[in-house]
Each structure stands twice: as structure tokens, then as C-alpha cells.
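Given below, in the form of C-alpha cells, are the structures.
Each of the next two complexes has subunit A plus one other chain: subunit B in the first, subunit C in the second.
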Partner chain A sequence: MTKDFNIDDISNLASIHLEENEKLKLQKDLEIVLEHVDALKNIDVKDEKIDIHPLSKILELREDESTPSLSHEDAMKNSPETKDGHFVVPPSIE
Partner chain B sequence: MNRNIPSISKLNNLFLDKELKPSELFEQVYENASFTESILHAHLELFYDEGMENSKKSDERFLKGESIGKLDGIPIAIKDNINVYGYKTTCSSKMLSNYVSPYDATVIGMLKETGSTFTGKTNLDEFAMGSSTENSAYGPTKNPWNPDYVPGGSSGGSAAVVSAGSAVASLGSDTGGSIRQPASFCGVVGFKPTYGTVSRFGLIAFASSLDQIGPITNTVDDARIIFDNIQGYDPKDATSIKPKYTEPKNKKLKIGIIKELMQEGVSEDSQNEVNKVTQLLENNGHEVEETSLPLTEMALSVYYLIAPAECSANLSRFDGVRFGLREPASGSYEMMNKTRAVGFGEEVKKRILLGTYALSAGYFDEYYGRALKVRSKIISDFQKAFDDFDFLISPTTPSPAFRFGEKTENPLEMYLSDLCTIPANLAGLPAISIPTGLSDNNMPLSIQLMGKPCSDYSLLDLAESIEDMVSFNHLPKITKGDNES
Partner chain C sequence: MSLKPTIGMETHVELDTESKMFCSCKVVETDEPNISLCPTCLGLPGALPVPNKKAIEYIVMLSLGANCSITKEGMFHRKNYFYPDLPKNYQISQFDFPVGFEGSLEIVIEDSLHTVAIERVHMEEDTGKSIHLGSGRIDSATSTLLDFNRSGVPLVEVVTKPIISSAKMAVAYIEELRQLVIDLGISKGKLEKGNLRFDANISVAEEGSDELGVKVEIKNMNSLKSLEKAIDYEILRQTKMVQDKESIIQETRHWDENKQVTLSMRTKEGSADYRYFSDPDLPNMVINDEFIEISQNQIKETPEKKRKTLLDTGLSLSDSNYLDKGQRWLYELYLSTVKETGDCKSTFNFLTGELQGQMRKAEISELPQWLNSEKLASLINLFENNEVSFTSAKDILAKLLIEDIDPKSFASDNNLIQSSDNDEIKALVTSIIHENQDIVERLENPEDKLVGFLVGQVMKSSESKVNPKSVKEVLLKELFG
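The block that comes next holds the complex of A and B.
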């Protein structure tokens, strides 16, 4: 099950840059965990349903009414960079 | 220092009888914190000024005979992954080192209504991922019983402050045992309520289908009082439920010992505590019988697919744009990659990568989908067990607290310390850890009780009767010598 695990592909998908020494340690640790979870292969799950909520709660929709929430200013207070009420990011077309 | 802090009910009586003022209690607790912090590093931030100001407001209410309730004037510590308006919520991560919460978590708003005061924010494993606080970006918390040992995790700071008398009670969060395991290691009570009974709004999400806020306290009654004041439906949390609490049919209870948590891999010490308590229960007229839940042995594997999968989705919000750390870079994608590389610690990266893999195209059914299906089977197994038993009992942890560095080499070694606590999270059950004895090296030992969903109050009643039978009255021995060594 772990033969296809490629740390470069996964770190790219997860948007986390890894140094070479980190890759070795993480690859080793993740292989240990993946080997352990392999035991699930032996459980018969045919016809088994999936519960998203552990108590099988059916998600409810709230009324379509506006309620008080964070102000625009408060919502932006923790941003590293803002301008004219917008979040500023480095160029996304490289 | 005076570690011997009375229960919340006793403190309330002292306030009502004018024998103690809330501000005097706050001063005493703060003095304990000031003394123990240099040893334990359990608080990340102390709120002295606002805490004292609120305590004095409580003083006035008691003086005028207008106190609000049992929590009025009670100093409570808050795990630093729960938002308190105007204060930092770091999640013990570099990623959020400067994040100041612009709102209160629902539980914080509810506690503020009770007149309780906050001592400060407590240390945790980064983003609540870990079992020892060794994963905190700000350094580990030490165990008040012996600073060479871990306090457990991830709510290690919240357990240590209660154990050390630096707060009367605390809030923790429990995704796979993060309230119960540290409570067990620090000799205090840790209660994880039924999933959905306490709002998660304002708790920084780790694994949303498993996370649950709950109290860590000196006594079971203290846990009941806090739970009573933070439980209830919250429309701001989509997974919140409108609980209908249940009572057992008979006064004489039928209690099942989970066979799979009383075998190899669980220390003799831990098993002996369960045997001691079940003997006491039988002596008190309850029926105790061994029961088998075979899929319990799969719980760790299920957890380490579901929790990382949910964590990889939840932590994708930390991208350097709206809040938290940003590393300089010439392009957006490079900025996100660098920010997440610098902002997250090793364990968080490991779990994000594991979850990303489990959710990736071609592996979803094999890993995440399969884990969800086995989780459903585990839930069914518990439902069947509760047809026969009112409550289930097991050790809280496979062993008492371990030394720093003892389980950091192999990730499975650390993960296995949550072996007994994870099943309750997977099934959404209420579960409580109560201290029952000491190991040969004087570290606390405990037992865990689990109940069916929404049996929270009757579970607390049983825990309280065990607390009375066991009379655990040991206290940690923090001395100035520890500080000087």
C-alpha cells in the first residue's frame, strides 16, 4: 500500500516546502504509520454505510436571515498585509 | 504556596459566608501560578489585570447578595486553542504567534455570563496534535508530580495548572484523548462530553468530527458544574445537538470491562486500577462483567486516517493571507509553501501530509473511505454493548506518565498512549478519567468510564460515587528544590 507514497508529490499537494533532511525523517515516520493502518484492509466493510456525524445528526439549514457578525475591519485585523479593505498577496501569475 | 484548593461548591459557600473573597482566591491562585510557572511552563499567557478586575466585580456581587451562581468568582484557565476576545490564540504554533482573537468562542461567552474569571491561556501540543506537549512551539509543560515527566497532551497545560493549583479548573479540548490522558497523567479529573453537546464554535479546528471541548478539574462535581454551564445547542456550530440527557433504568448498574483494553500493551499498573475499582463497584451492589469490543483494536488505525484527513483540510486555511504568519516571497504559491514550512512544526506537517495522502485521488476509498466505514462498525459495536451495559470501564492510559523524550523517536509509540481514549471520540461518547491511585514511582493512575451518547450526567454521577469510594487525596509535590535544580 505504501509503494506509491512519494513525499515530494504529497508535500506539493499540501503546499508545504520540505528541506531534504525533513523529507527523510517524515518519509520514514509516515511509512511506519501507513504500515500500521494497513490492518484496516482485513476488515470487511462491504455494504457498510458512512456516518459523517458520530451521532448521525442530520445537518440543518438555518433561516436565511442576516445576523450580527464580525465587522469588516475586525475580520482583517490579523492579516499580514491589507490595502483599502482588501487582503494583499504577492503576484499569483509567475 | 497553598495547593490544596477546595472544590467549586465549597469555594462558593466560602464566598457566600464572607469567609473568602473571589479576589483573595484569584490572588492566591495567581501566586501559585507565579511560583510554579518557572518550573512547569503551563500557562502561555497570564491575564492578571483583567482577572483581578473581574474578581473584584465578583467581590461586589457577593457583598450585595447578588452573586450569579456557583462559578461566580472562580478562576478558570483556557487552553490556547479556544478564542478569548482581545487575547492571543496561538495554538502553541509559530503560525499563530501574533494572532489576536476578534471574537469569543461560544464556551467563553457562556463562562463570562457565569461571572467566572480567566487566569490565562494554557500550553498544548501544536494545534492539539500530540500526547505530551513536547510538540509545543513554545517549549513543553512539565508534570507537577515530577518535572522529569510529561504532563500528557495535548491539553497538558490545562491539566498541569489544575494539578498545581494555578487555576481552580480549566477548559481543554479532546480529539483522541487530549483532555482525559493529561488529566490522568496529572492526577486530576478530565471529562469529554458527548460529541455535539458543547459548542465547538471558536475552538480552532483540528479534526471536526472528533474535537470536543470539556473541563479539567479537581473533583467530579467541579466537572459537572462547568459542563452544566457550557453545554447546550449552538446554531453557530453545525454539528451541535439538542441533547436529551438519559438516566439508567436501574439504580444497580451493569458495568462492562472492555477486554481489549485489559491485555498486552496495557501495563499491569493500569489494569490493577480497573480491577480495584470494579471490586469496589461490586461491593456496592453493582454488576460488573467483562465484554468484548473486538474492533477497539482497530480504533488507532481508524483515528490516524480520519484525524489527519480532517486536519489537512482544516489547516489549509493557514496560507499566510488572512491571518497568522507570512514568509516573504516573490509569488503567492511560493509564499504559501514557505509560510507553511516555517509556521508548522514537524508533527503538524506529518499529519497534514498523511491526511493529504489519505484524501488524494486514487487513495480516498482505500484509506479515508475505508476508515469511515470501520468507524461506523465501531459505533455499531458500542451501540450493541450499551444494549447490555449501562457504562463501560477501562484504564485511561496504557501506562502512567512517561519521561520526556521517551516516545519521540517512533510516532507509533506516542500514538499508542491514546489507545484507550480514542474509541470514545470515534463513537462520540461521553467519557471521563478519574484519578484512583499512584504507581510505584508516585505518578498518578486512573480509570476511564464511558457512557452511551447523552448519558453525561449519569456518567458523572457514577464517576462521583467511584471518587467517593476511592478517596484519592494525594497532591503533587512541587517544591522550591525543583525550581532551583
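The block that comes next holds the complex of A and C.
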């Protein structure tokens, strides 16, 4: 069974801060999830057709035509801070 | 220990469509920020993506052009990561089942052909653009400005297998791919505009070893010069590390143009960290035979086909590749002119040397309407048949660029036709031999450089009105019998 994961890595990737007690709780929850996944792995599916998407609908495509978009003012409306027509966010460097 | 580098390229190609990939916002080329946005490309809750048919046709064309197999049933995945220029916190991309897979591109390095194996060609969407404000250094920015005009522009990623072995080969590959998207008409292919952006995955390993070394990715380059320098630098850096028994870490680096070095950006995420999963908003993408045929029928030209056409005229591989990667009008003009001259090398030299040179000098970007292949062929034939000197041919071309003239009539009217009259030439040669006895005495054999000097003297005394080839023949006969 796969229990070998680091809860700190997972919370970093999800960009959420966890307190120590939350980490313990989530560690246990995720272990249970992984147990379920391991149980699924035991099902014999070798004769099954691969179903690659939950929806059987075929993708609808649209013609390459542009239509008017939101006005600049409307697009910026929800932003707490703007500058020279840009959205402003805290410094973000990879 | 002898080490060999291995390089794999990932290239993002911005498609030239009217609207974005998953919404109908216009694709704009402007400095005015945030003017082409809607709830979908802003990642607002509840907005649903609808793919652009033209973009899917274009990626199928590119896949076919890169000799790939096409998936019958593709699908979109969410690639999850947090960065402000990606407002949904995931990018719609493809993971397994990319549109194109297992292809190859033929590339030219100097005078030899090589093949680069293509692993996959997949569809995704572009991100917005970030501007980091502050002291000028990005790691001490005080805030980040975002422009989402580019968010959702259709992007194709072309990934090679790790089989490129040098910076030169990587550059030749990008040149071929760039020409392919231009010839297919699916992207403007302008590197300076970021229409093509590439990442290079580089590792070094012991020669003969089947295993690859630890991979370092150099991200987001858009100039061939930077690509070549960055790869060369990285190969040296890694080689030195291996030789010094230091361990290389898997990471992302960027090329610092000012310092001419690669610098570490971050430890690279593994594919699992992106937590790819199929996008529930987008059902399977069925690409049936009819759709492939429609896309195939839109392919009029590829660089490989053009190169074959050029090679068939007798040109060398490197000359063919030069015209293949050049401007379209020059390629077409060469083909129609060589049909009339029947001489591939002189036609190539005249068009790429004299014609392009004079156009650059006169700052003419388009050929005048009257300057057709018939006139150029007539001019090339005039000097190839020694009827006019090369200097006169250049003068006639200069005139042709500003005025509609007939090269042959112009040469006759302006007394530019060279004489091949042997008696006239013999008289001139005799006179020059007489005047240059000291040089004649120093001549050792017909290959002596001084023969050229004497030919030049005869040409000068005739004011270039005689044929230099005939002059040389007569001169050698007089001197050496």
C-alpha cells in the first residue's frame, strides 16, 4: 500500500497553509483515500475498453470567429488594485 | 572520461487564429493591456471553454507536417499550478493522448541531412503576461502587473525525443520547425514577437552509456543566438561538474543575456506535481478521417518539399536550405528564373548576392513589378555568356530596380556589350605585353597570378569593352604558345 507521501509537499503544491493538528488529520484522511485507490488497483480490467473521459459526449468545436469581449472597465471591475490598465498583484517570482 | 550531451527541445508555437482557443475573444497584438477579455479567459467561476475548430485543424496540419501519427480520440487535461498569470490555477493542456505523436523532422546542418524524432505535438492555451515592478531585479520586485490579453491564445507544444546532440543541431531544428509553421500558414513564426518560444532539456552522460544524465531545463528563450549560447554554456557547466565529481540537480534555469550564463530559477516539479487530470468541462476530442483529410488538404507546402524542389534544380543542400528558409518571393523568383537560365549556381549567386545586396543597400523590400524572372534571366545570361562584364551586369541591375528596361537593349544602347573580336583583342594584348616587359619576364607559368594582372591591364585599356575570358585565352597563347 502507498502511504509514502509528504503532507508538506502536498500542502505546498495546493498552496494552502496547514496547522500541525490539521496535517495529522489530513495525513490520516489521505491514507484512507490511498487505501481505496489500492483496492481499485486489484480489480481485473484487462478485458475492459479504455474509457478516457467521464463524458461520452463528443467535443463541440466552434468556428474561429471573434465576438466583442468584456469592456476594459468591466474586466477590471473586480480587481482591488489596478495600475495603467493592469491588474496589480503582490510580487510573484518563481 | 568522455562525456556526450543530450538535448530535447520543447517548443511553444502561437497559432495565428482570429479568436482565442477556448473563447471568442479576439487575439490582439497590442501594448494596450486587458482589452480582449471575457469570463472564460479571465478564469471567472462558471465560465465554460469551447475549443476553436481552426486551432484544432492547425495542430493536425502541424502534426502531419511533422510526419506524426494523429490520435483518433484526444482529450484535454488540466495542468495544475499556481502563478498569477494563470487565473484558473490550471492550464488546459494535453497529457496522454496528444493530437500528434511519433513523428520526425528532417533538418539540415551545413551540407548534411539529419532527422530529429518528434515525441508529441499537443494543444494548450497561453498564459497572461507579468511585469515585475521594483528595483529592476525580478527577485526584489515590489509588485506584479498582469495583462491577460494573451491568456487563452492557442498554443501548440512540440516536443522532441532527447536525441539532439549539439547547440548547432538544436538551432537547425528550430529553424526547420519555424519554417514549417510559416509554410503551413498556421503561425506568423516571428521569434522577436514570441510566436515561437523554446525550452531546452540538457544532460550529459558518459559516452557509450545507455542512460541519460540528470536533466536541466533552460526555459523560455525566443532567439536562436541565445539558444545556441545557452546550450553551449550549459554543456560546459555540466561537463565540468561531472568531471569535478559534483552532482547535478534537476532544476529549471534561465539564460541571463547580460551575464552570458544560465542561472537557477527553481527546483523543477516532476510531472506528478502538476496533478494532471482530464478536464471535465471538455469531452473527448474525436479527430476522424474526414477532419484529418480537411486539414491535410490545407497543406500546400512544407520546407521539406520545397527543399526537394530546389535540390532537383541542381543546387547543393546548403544553398537549397538557404532559399528554403528565406523569403517566399526569393524562393519563387529563383525557381522561375532558373527555368530560363538553366544554370542553378549562377542564378542562385546572382539572386542571393547581387539582387538581395542591392535591394538591401537601396532599402527596397519588394521587387518592382516589372522585375520578373524573364528580365533577370536575360541579365544573368548576358554576363554568363560574357556578353557584358559583371560590373556592367551590376549596373544594369541597379537600373532595373528603378526603371523598366530590357537588359539586352539597355546594354547595346549604352555600349556595354563586350567585344569578342579576336583581332581587336590581339591588338590590345600585344600593346599591353609591350608596355609590361618587366612583368612578362617574371612570368613562370600560365597559372601565375601576374597573368591576372595583365588581363586586368587589357580590360582597363579597353574600358571593359572586351570579354575577359577571350582576353585571357589570347594572352596565354601569345605568352606561352
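Just so it is clear, the second predicted complex is superposed on the first by the 79 of 94 C-alpha atoms of A that agree within 3 Å, B and C clash if a C-alpha of one lies under 4 Å from a C-alpha of the other, contacts with A are read in each partner's own complex, and residues count from 1 in each chain.
Everything below uses one rule, namely that a residue touches a chain if its C-beta (ideal position, glycine included) is under 8 Å from a C-beta of that chain, and two chains touch if they have at least 3 such contacts.
Quantities reported herein were computed from a predicted structural model and do not represent experimental measurements.
Q: Let me test your reading of the model: by the given contact rule, A:32 touches which partner, first (subunit B), second (subunit C), both or neither?
A: Touch status of A:32: first partner only.
Q: Quick one: is A:75 in contact with subunit B, with subunit C, with both, or with neither? Answer first, second, both or neither.
A: both
Q: For A:65, using the defined touch cut-off, is the partner it touches subunit B, subunit C, both, or neither? Pick first, second, both or neither.
A: In the superposed model, A:65 contacts subunit C only, not subunit B.
Q: Looking at the overlay, does A:48 come into contact with subunit B only (first), subunit C only (second), both, or neither?
A: A:48: touches subunit B, not subunit C.
Q: Applying the touch criterion given at the start, work out whether A:83 contacts subunit B, subunit C, both or neither, answering first, second, both or neither.
A: second
Q: Check whether A:7 is in contact with subunit B, with subunit C, with both or with neither, and answer first, second, both or neither.
A: first
Q: For the three-chain arrangement built by superposition, which of subunit B and subunit C touches the greater number of subunit A residues?
A: If we count touched residues of subunit A for both partners, the winner is B.
Q: Have a look at where A:91 lands relative to subunit B and subunit C in the superposition and call it first, second, both or neither.
A: Touch status of A:91: both partners.
Q: Which of the two partners, first being subunit B and second being subunit C, lies in contact with A:20: first, second, both, or neither?
A: Touch partners of A:20: none, neither subunit B nor subunit C.
Q: List the residues of subunit A that touch subunit B in one complex and subunit C in the other.
A: After superposing on chain A, subunit A residues 13, 15, 52-55, 57, 59-60, 62, 70, 75-76, 87, 89-92, 94 contact both subunit B and subunit C.
Q: Would you tell me which residues of subunit B are touching subunit A in their complex?
A: For subunit B paired with subunit A, touching residues are 98-100, 102-103, 194-196, 209-210, 235, 238-239, 241, 295, 298, 300-302, 304-305, 312, 316, 319-326, 329-338, 340-341, 344, 346, 349-350, 352-354, 356-357, 360, 362, 366-367, 369-377, 379, 410-412, 415, 426-428, 453.
Q: What residues on subunit C touch subunit A, complex-wise?
A: 17-19, 24-27, 32-39, 42, 50-56, 73, 75, 80, 82-84, 96-97, 130-132, 134, 138-139, 141-148, 265-266, 273, 275, 278, 280, 282-286
Q: Flag every residue of subunit A that touches subunit B in the complex, lowest number first.
A: Subunit A reaches subunit B through residues 1, 4-5, 7, 10-11, 13-19, 22, 25-26, 29-30, 32-34, 36-37, 39-41, 43, 45, 48-55, 57, 59-60, 62, 70, 74-81, 87, 89-92, 94.
Q: Contact residues on subunit A for subunit C in the complex?
A: Residues 13, 15, 52-67, 69-70, 72, 75-76, 83-94.
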